[in-house]
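The next part holds the structures, each set out as structure tokens.
Two complexes, one shared chain (chain A), two partners (chain B, chain C).
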Partner chain A sequence: MRENLKFILTKAVEFILTLLVVSFFTFAAFSILPGDTASVILGPEATPEQIDSLRQELGLDKPMVEQYLNWLAGTFSGNLGQSTAFNVPVSSLIAQRLPVTLGMCALALIIVIGVSYPMAILSSRKPFHLADQVFSIIGHIAFAIPPFVLSLLLILLFSNLFGYFAVGQYYAPTDNFGGYLNSLLLPSVCIAIPKIAMIFKFLRSSIITEKASDYIKTSKAHGLSDFSILIRHVLPNTNVSAITVVSIVLSDIIGGSLIVEQVFNLPGLGRLLLMGISRRDFPLLSGMVFYLALATVIIYFVADILNNLVDPRMRLK
Partner chain B sequence: MNKSSSKSVNIIEIKDFSLCFPSKTEGMKPVLNKLNLSIKRGSIFGVTGNSGCGKTMTAMSIASLLPKEASIQGGDILFNGQSLLSMDPHSRRLLLGDKIGVIFQEPMSALDPLMRIEAALGEVLISHGVKDKNEIRSKIMEMLKVVGFKNPDAILNRYPHQLSGGQRQRILIAGAALLKPSLLICDEPTSALDTVTTISILELLRSMSISMGITMLFISHDLNVVGCFCDYVAVMKDGAIIEKGITSRVLRSPQTPYTLSLLRKSRLDNVLSNDFFLKPNYSETPLLEVSNMSSGYDGRLFSRQKHANVIHDISFKMYPKEVLGVIGGSGCGKTTLAKTICGLLTPTAGTMLLNDVIIGVVFQDPASCLNPSHNILWHLLEPLKAKKIKLSKLETRELLIATMKEVNLKPSYLLRYPHQLSGGQRQRVAIAMCLILKPKLIIADEPFSSLDASSAANVLSLLSSINHKYNTAILLISHNLHIVSKVASRVMVMDSGTIVESGQLSEVFASPSSQAAKDLLEAERKLNSNPNALS
Partner chain C sequence: MADRKAKLSTSKVNVKLTSDLGRISFVVGACMLGFVFLVFLISVFYTPYNPNMTDASNILKAPSFEHLFGTDHLGRDVLSRIMSASKYTIFVSFAGIAIALVLGMLMGLTAGYWGGIYDKAIMLLSNSIMCFPGILLALVAVAVFGSSMLNVVFALGIVFSPSFARVLRTGTIAISNREYILHAKILKVNPFRIMVVHILPNLLTALIPAVVIGLANMTLFESAMSFLGLGVQPPAASYGKMLSDAQSYVTTSPWLIVFPAFMLILYILGLYFISEGVRIRTSRGGTIE
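Then we have the complex of A and B:
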């Protein structure tokens, strides 16, 4: 127990250090970029005096270090500044859109795990036999189709042809939870399909390797059934490496969601990001980049903790 | 204790049993050929033979742990008079762990790394219907005491990586014996262990066989182990038994030429003569001078433990042409010493003076130190590339062919891949990889322990010819005292990371002064004696 706590604390320190580095690069990137926030807000007709006074108001005339520290303090307390394009706080903009992207990613992750594990278990029962070959071919095809093509295909099929889903409609989870799930399901499937192919391929070979290991032979000699060997030995050992792979895929899913949102016309972070870019809304962009980085760092942090819980060799020397 | 109700004297009877494996080149390849074998209840029955003779497949057939692609071609196996082959898979599975226990060769990898010992042992009981948690725990504690853990409480919560190889093998024996099986199949249970641990495991198995009335089927390629442990022995070749009988009779006066040749090879009779290895001249400049050297493994960043020294304060000299033996139990630092000398680890203290010498290294497991995705040609060119030796095509070709001939491999094998070679051949490839640079010093780290007696003898005579031809010195690290005693001129005994004793071989072996050396020699003496020597 003490080792666990110590490990989590060390990881937490690493986590905070990583965030500081990320925050520095985010701030530096947007400070170096050409284009002055004050002149963007005031437009091309503004006089130099007007710009100067706005710069003073926004704190842009202060030294870089001070600006960074102010921005950092704001960021960690949730105040990301005022969006220049929408004229509302960046944090409320992000908070508004977060349920869409978050829900979609969570749903996609559930689908990926829920589908790829059974597929891999079935496939590895008899490698290179019928089920395995069929799944492998489907996997290759799924992996090869770009998400936006897949999105269009699925819209055609399920929305236009069968009319199961109303594409383009979105309900807030607090208003209509069923509608919320319904509006996110199809986009989640689009994000999930290529990832299922990826995770399936990894799990399949990992399960086959584990099944050939010596301790499986020991368990067979102990008289365990194939099912208990799978549950007690094969899957836990597969999970050790699967956790790392799934965490990489999850950060990929977040990236993928930004594109799919466009196709499905969902009011998520992806569209916010695009609007921010087209209107040169630096506070919005730096806030979003930082929160996306935060999400990624959190994923790896959680993966590390999980790995540590699953694998005793990590925590005990 | 034992089920006395069954009528037959023999616990296992194998009748005309044939087994085949599908092979890409030959259709069905026979592995066992009309095998007949019966094992008397309560006895310890050894099966021996070279790699690939079918001894493991015999054991796995009884345990119904054959690979899926194996196909049984005929015959029958009776266990307690009951046909195993006509049983349904479910009841066959339930026999395992209950009536038939099995232990395997590799104690290091035979336990699930994620599972505590209590859970690993508990699953045997759970899968055979024991549900009460207290009962499970008390049974495990009892068995852990039987297999020699004085403090079973402390072991229950451990993970496998926290235990030594010998301890893990004891855990595996405990698992196999938990439900007091009538037959225990031991597949090379001691091949991965050092001599001292081997003897302790053999003594444990023998005492369990007597006190619990367990019949043992003991598979081993090591005739010394078989000789000191088994009541009966069967010698296998090409999937059939060619000789069997009481161990002392078979090993003392073998009836077939094959058994005789196996015995000779295991005693190294045919390869050893007085001038088998060159005698060094101690007045020459040493090849290698190590003084007060310490070495070990790096700690981790953000960890208090910065560096863990495995070997401390090592000092010795090696002379040209010399064969220097390094002996000691597992974990004494032998391999760390080898790694430090060849440069895989950096010494943390002390000095190591190598007088401009090219070193070659041969490791223990030839299967895992060759790259499976490249052929032998690639492996032999690798050292040349690493040393940036530029040769013309013709010179390279000649060098490659000469090297292959020297290690007794056909030049056509250059295009083969590691998996297409046998263990002995792979070890010779590893030696060829050293040899191609004409090293003055070869470090051989347990080069024989994964080989059967015949291959070991071949590799040994190869090392001898290299020693003669190129005056190459050999640092031979081994826990096989038998081989070391025959080939080394000087010997160093290591224990817990230091050299506890060193000197001329004859002196150290005749009158060891350190406890480590005494233990090793005592274990070796037991190994070379008859079954009654084990307590």
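Then we have the complex of A and C:
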């Protein structure tokens, strides 16, 4: 128990340090602009008065350290300031777009786990036999297709041939939950497919290694069925725990959804980010970048802690 | 006894199969990559049409003998554009990886060699870079510094450096304990010479698959950025940009999507197969992984 506590404490310190570095990077990226931030945002036609008033509004007239501390305090209280392009608080813009991206992440995660585990289990039953070879080759190809190419190909396939999935339509979850799920299904599949390939590869080799170990032979000799050996011994002991799988997939999905949203015309965080980039809306961008990175840091932190609590082998390392 | 013999023979088959698989994937991958490089080489000297020449009388024409891969919404020849786009894909991926390797070596070798607080700080830095969803960091860098090809290359180089730093650091820690490194230290060999001449060559087996995979992932990122309009700037052709232009014509002109997508996938898949082949061969052909 003391070791656990010590581990959690060191991880927590690491977590906070990482957060500080991440926040500093984010802030610095938008502050070390060549030239004056306010004039960059407003463009070449701005008058000096306009620039001055924007500088005051953004707090750019204050010293750098104070700006950073203010910004950092703002991110934690959810007060990220006004978006310069939309003239509304950044936090409300993000909150408005969140259901799309979150829904897609959740759906994609369910698809990844629902497909990759059965595939890996089937594949590892008889390594190098037909099913395994087919899955491995499909896995390789799926891994090599960029998500946006996959989306275009799937749109080509589904909309043209079958007339399914109205592309580019989106319903809010509160209005029409079925429509909401339907509009997110194809994008989620596009994000999920490369991840399925990745997780399948990890899981397959780790199940095969685990199955070759001596204690599995003993359990077989004791008369346990293949199924119960798989569920009770092999899966919990694989090098890639389910927790690690979820954490890797989640952090990757966040990045993937940004692009796929663009193809499917979904009003999610990715669209917002691109609008921010094209309109040079720095308060919006810095807030979004920090929150997305924060989500990743939290996912990894929680996964580390859970892995440690669940799997005693982790403590020995 | 019989069972044991059977077991032995299957494991032998597996060893043979894996090493064969390694060779096959390497050859298949090399062929795919070779094809893309061939297209690139030809495009340097010859393309059927000028890739950026618009032709108002030939808009969105389906593939024919005149335009083998059809024409796009501005009447440009798709085959010529695909050929000339190969150079950006190849250039960005190789240049980006070169930068990532240099940065990764600077971080990984020194962190593994010196250890201590310095190591902790470097690891914190690289972990923090890894916390930004990769594409996000590159997008932001381009948003802040403007979207030119060099910015894309540098941004992607920084994004990919932690992955090399990690591989090199782990390897360096394992090797620094060897006696010959100790001898070199006693002889007061310059630490940078020890790292580059005595440690680095031992890490190549781990580094080469990482580099090849890095090239493939770099291409994925580059094409995604061009797709979002933040990579190579028009009128120059790149696969990502061609695909994003083709988006509006998905239903009417599928050739605009199929051909660039095919080349892009061929390049990435070729790299994956090569890395798989190298990985299997360097793991001494014995393990079933």
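What we mean here is this: the second predicted complex is superposed on the first by the 271 of 317 C-alpha atoms of A that agree within 3 Å, B and C clash if a C-alpha of one lies under 4 Å from a C-alpha of the other, contacts with A are read in each partner's own complex, and residues count from 1 in each chain.
By definition in this document, contacts are C-beta pairs under 8 Å (C-beta built on N, C-alpha and C of every residue); 3 or more make two chains touch, one makes a residue touch a chain.
Since this is a predicted model, take the numbers as computed values, not measurements.
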More chain A residues in contact [chain B versus chain C]: C
Touched partner set for A:N237, first chain B, second chain C, both or neither: first
Contacts of A:S225 with chain B and chain C, given as first, second, both or neither: first
First (chain B), second (chain C), both or neither touched by A:Q67: neither
Which of chain B and chain C A:I145 touches, first, second, both or neither: second
First, second, both or neither for A:T10, with chain B first and chain C second: first
Chain B versus chain C as contact partner of A:S205, first or second or both or neither: second
Chain A residues contacted in one complex by chain B, in the other by chain C: 14
Chain B partner contacts - residues on chain A that touch it in the complex: 10, 14, 213-215, 217-225, 228, 232-233, 236-237, 240, 310-313, 316-317
Contact footprint of chain A on chain B as seen in their complex: 63, 65, 93-98, 101-104, 106, 109-116, 123-124, 127-128, 159, 161-162, 172, 175-176, 302, 305
Partner chain A, residues of chain C touching it in the complex: 13-14, 17, 124-125, 127-129, 131-136, 139-145, 216, 220, 223-224, 227-228, 230, 240, 243-244, 246-247, 250-251, 254, 257, 261, 264-265, 268-269, 272-273, 276, 288-289
In the complex, chain A residues that touch chain C: 14, 17-18, 21-22, 25, 29-30, 33-34, 127-128, 140-141, 143-149, 152-153, 155-156, 159-160, 205, 208-209, 212, 251-252, 254-255, 258-259, 262-263, 273-274, 276-277, 280, 285, 289, 292-293, 296-297, 300
